[in-house]
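You will see chain A twice below: alongside chain B first, and alongside chain C after that.
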Partner chain A sequence: MEMALLYIAGALMMGLGAVGAAVGIGILGGKFLEGAARQPELIPLLRTQFFIVMGLVDAVPMIGVGLGLYVLFAVA
Partner chain B sequence: MRKGHRKPGVHTRIALQQFRKVFLIQVVSLVIIAGVLLLHSLSAAWSSLCGGLIFLLPGYVFVYRALVVQQTKSTPGAVIRQLYTSEIWKMGLSIALFIAVFILIQPLNPFSLFGTYIWLQLTGFIAQLRLNNSFLKL
Partner chain C sequence: MASEMTSSAYISHHLTNWTFGVHPEHGLGFAHTAEDAAAMGFWAIHVDTMLWSVGLGLFFIWMFRKVAKSVTSGVPGSTQNFVEVIIEFIEDNVSSIFHYKNALIAPLALTIFVWVFLMNTMDLVPVDWIPFLTQKIGEAFGADPHHVYMKVVPTTDINATLGMAIAVFGLILYYSIKMKGIGGFLGELAFQPLGKWMLPFNLFLEIVGLLAKPVSLALRLFGNMYAGEMIFILIALLPFWAQWLLSVPWAIFHILVITLQAFIFMVLTIVYLAMAHEDH
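Moving on, here comes the complex of A and B:
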């Protein structure tokens, strides 16, 4: 029973982290495409801003993924 | 210049310079944290070093694939494809390194590993926001 709960906990951590990252990066990509369609001359600037914000968006979900992997591989 | 590569533009060069500064700050803080934890125990220092490398290596690969390897076309679709591919590589590499550390490194101190990982994330946030003035205007 405890093992099953640990696996569920790890799966929830990784799954919810993946959902957060997917929503954030999806919105980011959509906004980039909107901006590029409106002002194509700004694509190089938007690209670097996209790159910077992408690095910030995926940081917190990766902590959740790391904790989930720790539960799955080291605790369970 | 290799085939399929072109010279990076002004914005890319600025972003690369900022990344180099942030990366240097993170490496220095990782060395300091590992040195301080070495006074506590060897496993804590080793775990913090592993946590730092798990953060820094995928980040470096992400920047290399996203900014250094320039595509010949800079259409919005090509840019999105390149950045998403780089992100997938970063996430995959992070997961592989986490799994490798949890399986191969024994004994492991999870608090120093995740503490260093989270600290480097925060350092990156703060340094990136301070270096990038356009975010401060928001």
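Moving on, here comes the complex of A and C:
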């Protein structure tokens, strides 16, 4: 029973993290394209900022995925 | 190699580090199993993480020094071009983010970016090569091959990423106190968001914010690289003809992840140090 709970916990950690990341980066990507469409000459600058903020948005979900995989494989 | 072991044994084999420490029964020595390593407790060294991270760090220093020694303003060689591209890239970022006078920040940013990038690229080496090689070497030295562990990517070891993050955290504290003085720094922690009379609430908020910086730095790099390597290990469990179908696209995507994580670790270090230098 305890093992099954660990698998559910790992899956939840990764699943909820993925939802957060998908929504966050979806909105971010949309805004990036909007900005790029409005001012194409700023694309290099926008792209750098996009990657920085995408890294930040991605941080907590990836921590969730990392810990979820740890729970799934190293603990269970 | 994966065939004679069960899949979970194969996975856990690839996840255990080559640890050296004091075992309660066997005394000082290498851990033979993951349980041994756990029994060694806190004061055990992950030899493979240290070996690879220090080795890659020295390679970085040696290469950049060699190029710096033979720098020519005439026709530059290919390595010099490559190094110049990296240095200019770092210089642009540092000068755009960090607006104070500090000679340590740009070299620190360069070191973090290139070192973390080198450690991350170890993840692109096929999962079984180096552990298989070390097993053969281990056998030559008479060790039981199943007890020879080698985790090639240092950044998938939480100790390495947390170690770097704590070093950055030390710098943040040092420069905060140096630039704002003890009073200024504690004042920033205690009186910041809601003025003097809400001190306990302020302090809690600011302390959490301060501790979140190194922890998020370390766990972000660890999470990304651990997940990346885990996917490679899982792909390695598939029948060999299916592996190419999956590991090639994942490796290509992983090249972006590797550079991005090194870049973000560097940018956030500069941003945090810039915040430490800020004087209200």
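Methods note: the second predicted complex is superposed on the first by the 76 of 76 C-alpha atoms of A that agree within 3 Å, B and C clash if a C-alpha of one lies under 4 Å from a C-alpha of the other, contacts with A are read in each partner's own complex, and residues count from 1 in each chain.
Here, a residue touches a chain if its C-beta (ideal position, glycine included) is under 8 Å from a C-beta of that chain, and two chains touch if they have at least 3 such contacts.
Please read these numbers as outputs of a predicted model, since none were measured by experiment.
Within the superposed three-chain model, A:Gly64 lies in touch with chain C and out of touch with chain B [touch as defined at top].
The partner of chain A that touches more of its residues, comparing chain B with chain C, is B. Of the residues of chain A, those at positions 51-52, 54-56, 58-60, 62-63, 65-67, 69-70, 73-74 touch chain B in one of the two structures and chain C in the other. Interface residues of chain A, counted against chain B in their complex, comprise 21, 25, 29, 32-33, 36-37, 40, 43-45, 47-52, 54-56, 58-60, 62-63, 65-67, 69-70, 73-74. Residues of chain B touching chain A in their complex: 9-12, 14-15, 18, 54, 59, 62, 66-67, 74-76, 79-80, 83-84, 87, 90-91, 94-95, 98-99, 102-103, 108, 110, 114, 117-118, 121, 124-125, 128, 132, 134. The part of chain A that touches chain C in the complex is made up of residues 51-52, 54-56, 58-60, 62-67, 69-70, 73-74.
Of all the residues in chain C, the ones that touch chain A in their complex are 8, 11-12, 15, 216, 219-220, 222-224, 226-227, 230, 260-261, 263-264, 267.
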